Amino acid sequence: MRRRIAAFGEVMMRLEVPGHQLLSQASNLNYSFSGTGVNITTALAHLGHQTQLVSTLPDNPVGDAAISYLHKLGIQSPTIHRSGHSIGMYFLENGFGVRPSRVTYMNRLASSFNTANKSIYDFHQICKQVDIVHFCGITLAMNESVRQQMKTFAKAAKTNGITVVFDCNYRPSLWGKGGYEKARPHYEEMLRLSDIVLMNEKDAYYTLGMNTEETDRKKQLTTLIPMVAETYHIPIIAGTHRTLHTDQTHTLQGFMYKNQTFTFSKPISFSVLDRIGSGDAYASGIIHGELKEYTSEQTVNFAVSAGALAHTIIGDSPISLEKDIIRVMESGIGDVER
Amino acid sequence: MRRRIAAFGEVMMRLEVPGHQLLSQASNLNYSFSGTGVNITTALAHLGHQTQLVSTLPDNPVGDAAISYLHKLGIQSPTIHRSGHSIGMYFLENGFGVRPSRVTYMNRLASSFNTANKSIYDFHQICKQVDIVHFCGITLAMNESVRQQMKTFAKAAKTNGITVVFDCNYRPSLWGKGGYEKARPHYEEMLRLSDIVLMNEKDAYYTLGMNTEETDRKKQLTTLIPMVAETYHIPIIAGTHRTLHTDQTHTLQGFMYKNQTFTFSKPISFSVLDRIGSGDAYASGIIHGELKEYTSEQTVNFAVSAGALAHTIIGDSPISLEKDIIRVMESGIGDVER
Amino acid sequence: MRRRIAAFGEVMMRLEVPGHQLLSQASNLNYSFSGTGVNITTALAHLGHQTQLVSTLPDNPVGDAAISYLHKLGIQSPTIHRSGHSIGMYFLENGFGVRPSRVTYMNRLASSFNTANKSIYDFHQICKQVDIVHFCGITLAMNESVRQQMKTFAKAAKTNGITVVFDCNYRPSLWGKGGYEKARPHYEEMLRLSDIVLMNEKDAYYTLGMNTEETDRKKQLTTLIPMVAETYHIPIIAGTHRTLHTDQTHTLQGFMYKNQTFTFSKPISFSVLDRIGSGDAYASGIIHGELKEYTSEQTVNFAVSAGALAHTIIGDSPISLEKDIIRVMESGIGDVER
Amino acid sequence: MRRRIAAFGEVMMRLEVPGHQLLSQASNLNYSFSGTGVNITTALAHLGHQTQLVSTLPDNPVGDAAISYLHKLGIQSPTIHRSGHSIGMYFLENGFGVRPSRVTYMNRLASSFNTANKSIYDFHQICKQVDIVHFCGITLAMNESVRQQMKTFAKAAKTNGITVVFDCNYRPSLWGKGGYEKARPHYEEMLRLSDIVLMNEKDAYYTLGMNTEETDRKKQLTTLIPMVAETYHIPIIAGTHRTLHTDQTHTLQGFMYKNQTFTFSKPISFSVLDRIGSGDAYASGIIHGELKEYTSEQTVNFAVSAGALAHTIIGDSPISLEKDIIRVMESGIGDVER
Amino acid sequence: MRRRIAAFGEVMMRLEVPGHQLLSQASNLNYSFSGTGVNITTALAHLGHQTQLVSTLPDNPVGDAAISYLHKLGIQSPTIHRSGHSIGMYFLENGFGVRPSRVTYMNRLASSFNTANKSIYDFHQICKQVDIVHFCGITLAMNESVRQQMKTFAKAAKTNGITVVFDCNYRPSLWGKGGYEKARPHYEEMLRLSDIVLMNEKDAYYTLGMNTEETDRKKQLTTLIPMVAETYHIPIIAGTHRTLHTDQTHTLQGFMYKNQTFTFSKPISFSVLDRIGSGDAYASGIIHGELKEYTSEQTVNFAVSAGALAHTIIGDSPISLEKDIIRVMESGIGDVER
Amino acid sequence: MRRRIAAFGEVMMRLEVPGHQLLSQASNLNYSFSGTGVNITTALAHLGHQTQLVSTLPDNPVGDAAISYLHKLGIQSPTIHRSGHSIGMYFLENGFGVRPSRVTYMNRLASSFNTANKSIYDFHQICKQVDIVHFCGITLAMNESVRQQMKTFAKAAKTNGITVVFDCNYRPSLWGKGGYEKARPHYEEMLRLSDIVLMNEKDAYYTLGMNTEETDRKKQLTTLIPMVAETYHIPIIAGTHRTLHTDQTHTLQGFMYKNQTFTFSKPISFSVLDRIGSGDAYASGIIHGELKEYTSEQTVNFAVSAGALAHTIIGDSPISLEKDIIRVMESGIGDVER
């Protein structure tokens, strides 16, 4: 069954140096438009749902290009406002082996989204048209105005009985020094409004200030996540553990905590083509599994396969179909498909 | 000594999404022209032989482009007819890691080759000018008219004392449901006319309906291939076993059954850049080994090295020189050649 | 006011050699998706209307790419069916000076659109959701099944009181020898159902078999078009006269015949970057003028400016905004806009 | 003789859609770094002088890329400071015929240059190392801090007996409504400090508020420019008149007012490849002519030829050599140079 | 009727900066292989003849690439020798408007062709297999060894009754100071061996030292060319007059002097995309006209149309078909061909 | 502290087939300019030093492009002379897996550098302006004139008390048969003048003719290097051992012999993107370590990390910053840096 999903968040312009040159070597850039909200609504549109973004884009040719691009990704645009002249951007220099990928942000706080009039969105109207709303901790880090919009939207969702998904996604560089303390009350407010939360033990430890004496990552997880669920009354918490290997491959294992029970996916190892956006693919897999009423085991394995596959897709936004994800979940690596 | 080789088969237009994007992401395509017959005649031209293709191409700018491309590959074109307006095509989206490459065929049955007038080729004339003719099971799957042309050509070759090479190359999607039964009589007819056959135990089992109680792949091979050779009076049967690994490498082992004796190559492992056409490189290696009167051991090792090298060449058609193949056969991986 | 417009027609894959090489020289192609219906719905979406295409696309990655591309162009897709495996294509080699552009069609009659099940579309349902439907003579040339679908759709539109637009667009190569006689009854049937027709005196003369003793192109026009309007009870007929110059520029003059009165646009001269699709830009301008209740003079000048601007846009589908077209209409050539 | 020239101004990142697509169509951008000061110092470096830029660039990979690019242009960087995280940018969509080029600015006021600490530059030290300093009216439009830096620098130059060049370059969009009145005092202050000024009658009329009853452009020029020279005690005033033609060519005529005498160049007509930066090429030609002690006639003809040639160079920054400019000045259009 | 044509000459590697950047701006180059002999044999192959080049290429991957490229152009390679390690190259920076195209030669005298062993070619054997041989004055300028090869070949052709074509093609930069005097005896020797000569009045005046008091270009031509024909006993002399215009177009008029009669083509004007190689297209047109026994009028008009069309083809080597040239000859500019 | 470094050597034009095609498949090339001296001065400029190249470039557009490129790399050009018309070049076809990269040199001995007038450089003047001079064994292989220049420069450096660095870099193909004997006296002369030498046991064995009975590579190293240091009175000798693996990774271990003591780096393994120039990165790391007075352990680990990182940078010339190298030295592989 096709469901209606909205996401709230900024649209970023990704400016990627093609291949493996640095910005100081190259002379052209590939551009696309992304952001957590964009990625989630793209992924779920490709899984068969009707999705829309709640955002603001500049009223100029760059904004026009962004809208066209979102349409291409399968996202609908009735709740995208157009005002201001500025868009957040990031430059991406692809890493290779011992040289990590490098992201340089530019112009983020001055963007149309982050400077939009506080009452530009009619959240109650939107809540009448959707089944799920997705929020992200990155938006929480922007400024007070956007934070207020986000909380107002989440409360409207709660009031209208709509499922609230919240991805903690704490980015240290956005909060600066003493960031965890600044961030904590906002995170706590969002967690209390949420039905599905994406996080792992590090969020519990750093952002929420919870403690455990365990030193093993998995034990920390199984100790802290139930505490979070109980404290903030969260029905579902899901996340991943990632391991980097020296041969340019990663291993990912997903988990879901629901009904006081942990379910872990099979660990999956894979080569990495485009690292960015894979966390959003995992989150979309969890949401899709819940919408389709998969078992927990099916859901985490589907989500982790969606995450693995997203590492093989150029661009931030996951565009794999359900059948592609299920093929990976069931068969792993395959020869040419003719 | 330079020999003259003809191949009979369709020229396909390969439309490849550059890099690793999907068709729904990209906006340009690399194109080239290939097909089993093209690949075999290209490979053997680069090994020093004089080769020509027996085929039909549309009489329009696409056909002109195909002819130019075949010339570039070193193939001669006196027996390529020009009629009709259509060429078979396939779109290729390159896979990465857990995402397999994807081939989408288009317009195949309507192509100039597959709709050419039955008596367009003067096979007896051609047979006077060549030493070897190569056929492929893919052509056998097209339609009755092409099948008839192929059998007529093979019989003419037999009559003229020319070596007939046949690559079984069974493609399930081309024959559809119940395909093995439909295909069997045509395969049997070709096998009886052949001097060198490319196949492995799966062809014996599925296409020819032979049985063995062995479960190990290699034992199945050593049981079934002699049965095939005996049943259809085939002097030489050769083929490979391929193993896929999770780190984007493959292992290939070649075999040749000749004079009631099996010869196996050393297994060779390698990274894969372009998977398509590597089977034809192996077949070309076997043909070249026989033409040069290599020992069986030299022939299978040369052929499997040619196959490995073909995985490192962009495009379907193998263009490695004899000295390059021998370097791989003798030395494996090397540092920069200055 | 935003209106709802549907167009019925095939989606073609355009495979363009970049720059000015020939197919036999180049090795890559730019691809996009177009067609008269695509162009009209794109142009009108960019003029602020809600548009959708009624068509069929193959159920494979090529069809997926086409859908994404149509979304990017601003077209909605609820009435695009997915079946079959084939899409119509054309190769485009850009001309230069004395060398004309060259179009090579491939695979058109075998396309999913042209082989779709006759009753695949629910035309009455569609007619409840739109204000205008657009048809084109190219579709009329395909085969009997598509012709029937088109006439059924036009009749349903008539029944539902929806404005029918018909662009004669006679292509000699599609109808073959004796084509005018074959085409005439089908054209006449469509003309009788139409409210706005795109054509000029050549269509009246050749396709409808009407006569005049005038030898001047403009006099032929003013003699024959009123005859057409009267004979087939057509409220509005519009079209253009084009003149090619030796310095790579064209001159275009538009006309509209409405309420028994001719209105001519100012002639406009311009350099040509991409010739294809400019007629559809003109038609869209006429439709938009009527929807906005422009005066006839405003409408033809707007339409001819839209047509001129379309020659400066890469790709078949016009994407200029209303303000851009009005700027050309009012100011002609301008310096850099900062 | 090689002279030392400094320019004060912002480095902008130019993000150009390659070819003639719009931002909403394309997926990649060519990037380079420019700005009036960059263009002037590039042009004069290619004419044999030693040049340096006085500016501030962000301390991140984008700033690194800008520095590398300036070095490539032949500019020296000892007086370029590194601080902040932001660079001014503009997107360029190339026009064609009736469709003008379109520039979309982004992030300008937040740039490292425009937010740099007021006392970051040691202007007196710089003045000891150069013969000429160049300023531009665009910088004057930014903010009060940058304006102060600019005036301080100009006064230091005056104090040190260095030639001050000022290009009026009034951009309406940067000053907004009532801009001329806001700008006037700042312009007047700069004019009083200047030895060579680039402007024409429009600057006198609009920015300086001077009047004449003449209606002909050239008569306005010859009336107003002497008034400006006298009022502000400016030894040399130079500028151009540009005419756009419908066949994508422009005509340019230069003038210089020196020693109470006007000298006009021959008018020169040319096709336009890249419009941006050509005014800076003209200014560089005037400066070079003065440095080389050309006659006024030689200087304006050299400058207008430099301007014409700059329209044929991709990118904002002029890189023609003296011999190339002299060839145009003397011979006009030529056949292939072998 | 298909004829056999050989050309003697160097294969050059063309390294072209794509678009309109200079070498100091760009970072990639398009490469192809050309030369007068390559161009002539390419053009005549596309006009239906069997052609081969007599030349020497290095025995390394660059030579392999050249051979593949010549095959793609339709040239046969049995008389191309492989020795040495070096190829002549030229860099091409495309001009625009007032900026002329710029060619930078590199490595020419050290090339495999120019250093090949004197007796590497079996000219008498070649002469048994062809109907026409083509030579060019550029080869004459290289060194004494190549000059000797050329004269030996021409004499062998004469002996074998083969038609000798000689294109004067005097390049001042190759002969240096006092070049005309150095070149004259070599030119005279070739002219006496020739049946068809490409030249105009400038060659007669400068290279052959003939005089006339006429000042008009055409009168000089009609005075001097008959003197040349008579002096050296040349049956056919043909050539062109070219005029450059300021709007990036050229006008070309061809002539042929045969049986003591001048025939002039209609002058043809056209836009120029790629200037290089157009003279060879004209020469090929003359040769083809003679082979097909056209009237003189047909021949010069065909040749000048071939020349015009060659300006619209990327690359040095003309690849237009006979039908394309005839279309230009008969119709001039046309709209899209579908 | 910023030091001044000069390098003496040829600038080569690198012409690289993009991606993984062969020269016979592709149609465009990426170009850049490199050479050992270029690489060393680039690397040290990026590590914060002031560097210049002592070389000669042709006085034409190719030379202009080379100068611009060197500036972009951060190299200063006051000691680069301009004369002649020719530059050394090499074509690079990137290998993949079992297919090694292939370098084809062209035009090397005829280059402006290798044919420059013997007394073109004022070495004593240069020696007054720098702290270190770098030489390379490749230059020693060119011709007697260049060898003389190199030795003169080295002696001038010695006289002026400047540190002399010499990289043995013996290339068998440049010296030909019996090369070691020819090369030995020249190497010995350079070694006696050197303060820092880059080499390993193979140089001692082959080039210097020293012997050991050890068979293990490391033992040979620790036996022979002290002999070299003692024989030629060399304060510091450094080098690496490289191991190639079948999975496209390499392992590198660096060593430094100083004060009669060996220091070995940790072995570092990494994936290889661009093999060429990594040895120069290692040498630069050694020089930088000495200049910064690192401990021997810090120096070799820094140098081997610089070498590893250089394998991940496109192009020959290392452009990593000190902080990037230290990050690899301390942390190895990392996730995206935001």
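Per-chain residue numbering starts at 1, and chain names A, B, C, D, E and F are given in the order in which the chains are listed.
FYI, contacts are C-beta pairs under 8 Å (C-beta built on N, C-alpha and C of every residue); 3 or more make two chains touch, one makes a residue touch a chain.
Predicted, not measured: the structure shown is a model, and the values here were computed from it.
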Subunit E reached from subunit C - shortest hop count over touching chains: 1
Chain whose Cα centroid lies at the greatest distance from that of subunit D: B
Averaged-CA centre spacing for the pair subunit F and subunit C, given as whole angstrom: 63
Centroid spacing, where centroids are CA-atom means, of subunit A and subunit C in whole angstrom: 42
Whole-Å gap between the CA centroids of subunit A and subunit D: 45
Where subunit B touches two or more other chains at once, by residue number: 22, 24-25, 27, 68-69, 102, 105, 247
Subunit C contact footprint on subunit E (complex, rising order): 247, 249, 268-273, 308-309, 311-315, 319-320, 324, 328, 332-338
Residue ranges of subunit E touching subunit B (in the complex, touch as defined): 68-69, 71-74
Partner subunit F, residues of subunit E touching it in the complex: 15, 18, 22-25, 27-32, 60-62, 64-65, 67-69, 85-87, 91, 93, 102, 104-107, 110
Interfacial residue positions of subunit F with respect to subunit B in the complex: 19-22, 24-25, 95-103, 105, 171, 173, 244, 246-248, 275-276
